[in-house]
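Some structures to go through are shown next.
One chain, chain A, appears in both complexes that follow, with chain B as partner in the first and chain C in the second.
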Partner chain A sequence: MAKVLMKGNEAIGEAAIRAGCVHFFGYPITPQSEVPEYLAKRLPEVGGKFVQAESEVAASNMIYGAAGVGVRVLTTSSSPGISLMSEALSYIAACELPVVVVNVMRSGPGLGGILPAQSDYLHATKGTAHGDFKMIVLAPASVQEAVNLVILAFELAEKYLNPVMVIGDGMIGQMMEPVEFPVEGVGKPLDPGNWALTGCKGRGKRIINSLYLDPEICYRHNLKLTAKYEEIRKAEQRFDTYNTDGPYDLLVTAFGMTSRIARTAIDELAQEGQRVALFRPITLNPFPYEALRAAASKAKRVLDLEMNMGQMLQDVRMALGPDAAIDFFGTAGGVVPSPDQCREKMLESISKTGSRPKAKGARRNP
Partner chain B sequence: MRKVFASTAGLTDRPTHYCPGCTHGIIHRMVGEVIEDLGIRERTVGIAPVGCSVLAYEYFNCDMFEASHGRAPAVATGAKRARPDIIVFSYQGDGDLASIGMGEIIHTANRGEKVTVIFVNNAIYGMTGGQLAPTTMPGQYSTTTPRGRDVRDCGYPVKMAEIIAQLTTPAFVARGSTHTPREIIATKALIKKAFEYQVAGTCFSLVEVLSICPTNWGLSVRESEKWLEREMLPYYPLGVKKRPEDFAEVSADAKH
Partner chain C sequence: MPNTDTEVLMAGFGGQGMLLSGKILAYAAMYQGLEVSWLPSYGPEMRGGTANVTVCISEKQVASPYIAQPRALLTMNQPSLEKFGPRVRPGGLIIINSSLVPIKSDRADCRVIYVAANDLAAKVGTGRAANLVMLGVYVGLSGVVDAKVTEKIIEKEFSDKVKFIPANVAAFRAGLEEGVNARATNR
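Presenting the complex of A and B:
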């Protein structure tokens, strides 16, 4: 299929349709509003349902209702709206329903601003809402990858009966890039299985519920969920690396669009003979700790780049331990780091390693 | 021996957890009987709230959701839009629907979602122990209005049926009560009507049911029934507030 030039938010909406999701409930918020706008136009064309909810609180409970009756369903929002959806995500995770939520991140805290940020990392991966639950969190670094990960998100949500979040910064939502879509309907219809509320004809009644007043039963429910998260941790770690084939002095860690900016700086430095590699987690949860440890073992130092004040940094530190040499550079508030800034920070980190630049194309002594 | 009274297929056999004298059981029974009478049990999905009736999912003998506090109408919207062929109802108390869930109920009604809402108004928070509700009467004692509801601080009780009825969108909205057998019979007819409108795919429907709470009112059942009649009925008048048949097409179709 030919490539089309598309804005990220619209491509996310189209990707959901290609995955077989024709139900959307959402609320406008910059910088994700093009998703509901696009789907308001497209969903009636494919026999789907679009509802503009009165709030993100309502939208997130509408997807709870739609998933509960056994249909594939999407909502999208941006940081402050995702905060409002968090309560429902706890219920959805507790009830083990498959939903996909896209967060096109803007800056915070509070109302923050409307420009790109990555400051919901910890919210998405560690503390979305009350109770012990985890989402699968996927972070695209291009519009094409956003399309691919939205489709994957539905597969994972239905495989594990768990909410999956695709988390991109405002740039992913707003920029246009060429994308290629799989043919329509790659997703098989959702199998309502033995859990969906479809009316109890020919069977006993079903209940979708997260209230367990008996502490032992609630404890067992938590153990069951935890076992599922462990299964996800083992099976679903995804990451990407760049320049890791040869030797390198510095390993840069970055996710989403920050990794694209880092690559530009890495390529520039390579021209100067500096050996810098990149490790990019695609699943922010489950975080690829072992793979990062392996990649970092070849480097003298690690530089973590993020558009926040050091959130993934906690996972990088957890992966590499307290003795690892880790530098951090973060921007926030909607300020996007330039390749030059990243280059400067990389050079600073390299200078701490005592390594000298190798002439371009030079081989390391055996 | 001839059986003259039996349990309804609309309810399970589980004993309820409600306090002695509580009218939730009667209202459950009315809804259960309507579901049975209309033959819709096998295609009905109910939604329980947070509050005294949080465990309603155990009692209604059909597929059931448990929603978060106040959000049942949003859950109902998602379920009904996704599967228009099922019958969707929510069962909510006054704290759930008229306080924390005010936004969801207004907008669900205003969108004209083809769902049915049973709204139980007993003028108090029951499960949490007798605190002020949006529907608590002026001067009424609650554990968070220990000197009685002061309307200068708390405003006046919210009349949900009237609020919903004044929306332009066609709907069936009514208020019934449980303080006498006669009103119980009349209220069951309202609940049946509400479900019938949904079965026909006509409109949103809501029945507010005045209910007693002897435990948190600190009154006997008989005293509670009298208190409801004396204090609540003049403020919350019974009857049908709105019918879809009364709707006159609004000639507002703004075009660019």
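Presenting the complex of A and C:
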């Protein structure tokens, strides 16, 4: 397949179609509006259904219903819209239905602004809505990876019967990069299993419900969900590293687009003989705690970079314990850190380790 | 072979076509097997007069698509020259559409080229294709992408508005000639 140059938002829409998802319910909001715009045009071409709901609350309840009847389904939104959708995500998780939700994050809190941010990390990974439930959360760092992870999101949603969120910032939605798509229909037809409401002629009735007034039954339901989340934790951790082969003094942690900005700074510092490596979680939940611990064990210090005021930082601290030397630099409000700013922060952290740059001739190529 | 690792910031008023010029450049580089990114402004500054796009071109995967200090700036209006001119990396390139920008750049540490892009475009077809004059100058000067490949991309971009192809290709060629000449004269 030839590469095409595509906006992240449009590529996300096309990826869903390639994964066999031809049902979309959503509501426009900057900076993700190109997803519904693209799908409004594309879905009728492939026999799908596009509905612009009257609100995000309605859209998320529409995906709840569509998933309930065994249809592969997608919704997308941006931060304030995702807040509105979150109630239904709790119901969907409770009912163990497979849905994929994409959050193209903008700055907050409140209506915030329309520019890129990563300030929904904790919302996505820890506290999406009421009740004990977890989503699988995937964070791409390129348009190509957004495509790959949207396709993976449908696989995981159906494997675990759980909502999966793909989370990126406004930059990844708005920018164009070359992408390659798999051929259409990479996803097998959705298996309605023993749960989907397909009409009960000739079989016993099925009920999709999240109301359990008997505390013992509700408790057992929570234990079942917890066992599933544990299975996901063991099997689905994904991460990427950069420059970790040789020795390094500083380990940078960053997810999504911030990791790309960090890489430019890391490459520049490598020219000066500074040894900096990068650890990038791809699954924000389940977070790769052990892998981060292993990567950090080779470094003298860790610098966490985010486009928020320190959210993944909580997981980095949890992974590395109270004695680890961890610095943090974050921007918010739609301000994107420049490679130069990241470079300065890396140098500050390195200066705290007391390491001197290695002789230029001895440096390894980045 | 020129150094292909570069970042270009293209800026102007909304509707002047700089986002399209950037897309054509990114496509041309991609067709030559290079890695690219195209990052537009979509925030409130678009309402303040500077629609802009940053195109990164590299032989390996583009790291940061967000560049505070680009190596080249192509500017179609005064606000974007005032805003982005000071940010160009020392030793970089600034191409100014002198048909619309009445001021000069004060960057003595950059190569600054003035092109009357609207006048040139009008002479060979239509002034509306000034954005492609600007792209032509950049391609001619930098040699980052092949001019023939770029022309093919222009034809492709206008494939549903075929009647606009000749004027746009002519504008690109007019700019290209300026760029090639400027390159030959060095400074």
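Throughout what follows, the second predicted complex is superposed on the first by the 361 of 366 C-alpha atoms of A that agree within 3 Å, B and C clash if a C-alpha of one lies under 4 Å from a C-alpha of the other, contacts with A are read in each partner's own complex, and residues count from 1 in each chain.
As a convention for this text, a contact is a pair of C-beta atoms (placed from the backbone, for glycine too) under 8 Å apart; a residue touches a chain by one contact, two chains touch by 3 or more.
Bear in mind that the values here come from a model prediction, so they are computed numbers and not experimental data.
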>> So in the superposed three-chain picture, is A:Asn61 touching just chain B, just chain C, both, or none of them (first/second/both/neither)?
In response: first
>> So in the superposed three-chain picture, is A:Leu211 touching just chain B, just chain C, both, or none of them (first/second/both/neither)?
In response: first
> Which of the two partners, first being chain B and second being chain C, lies in contact with A:Ile136: first, second, both, or neither?
Replying inline: neither
> Which holds for A:Leu251: it touches chain B only (first), chain C only (second), both, or neither?
Replying inline: neither
>> Based on the A-chain superposition described above, do chain B and chain C contact any of the same residues on chain A, and if so which?
In response: none
> Considering the complex alone, what residue numbers of chain A touch chain B?
Replying inline: 23, 25, 49, 51, 53-55, 57-59, 61-71, 73, 87-88, 91, 197-202, 205-211
> Which residues of chain B touch chain A in the complex?
Replying inline: 12, 41-45, 47, 54-55, 57-58, 61-68, 71, 74-83, 86, 103-104, 106-107, 111
> Where on chain C does chain A make contact in their complex?
Replying inline: 23, 26-27, 30, 35-40, 42-44, 61-69
> Hey, which residues of chain A end up touching chain C in the complex?
Replying inline: 3, 5, 30-31, 113-115, 142, 170-171, 174-178, 257, 260-261, 263-265, 267, 334, 336, 338-340
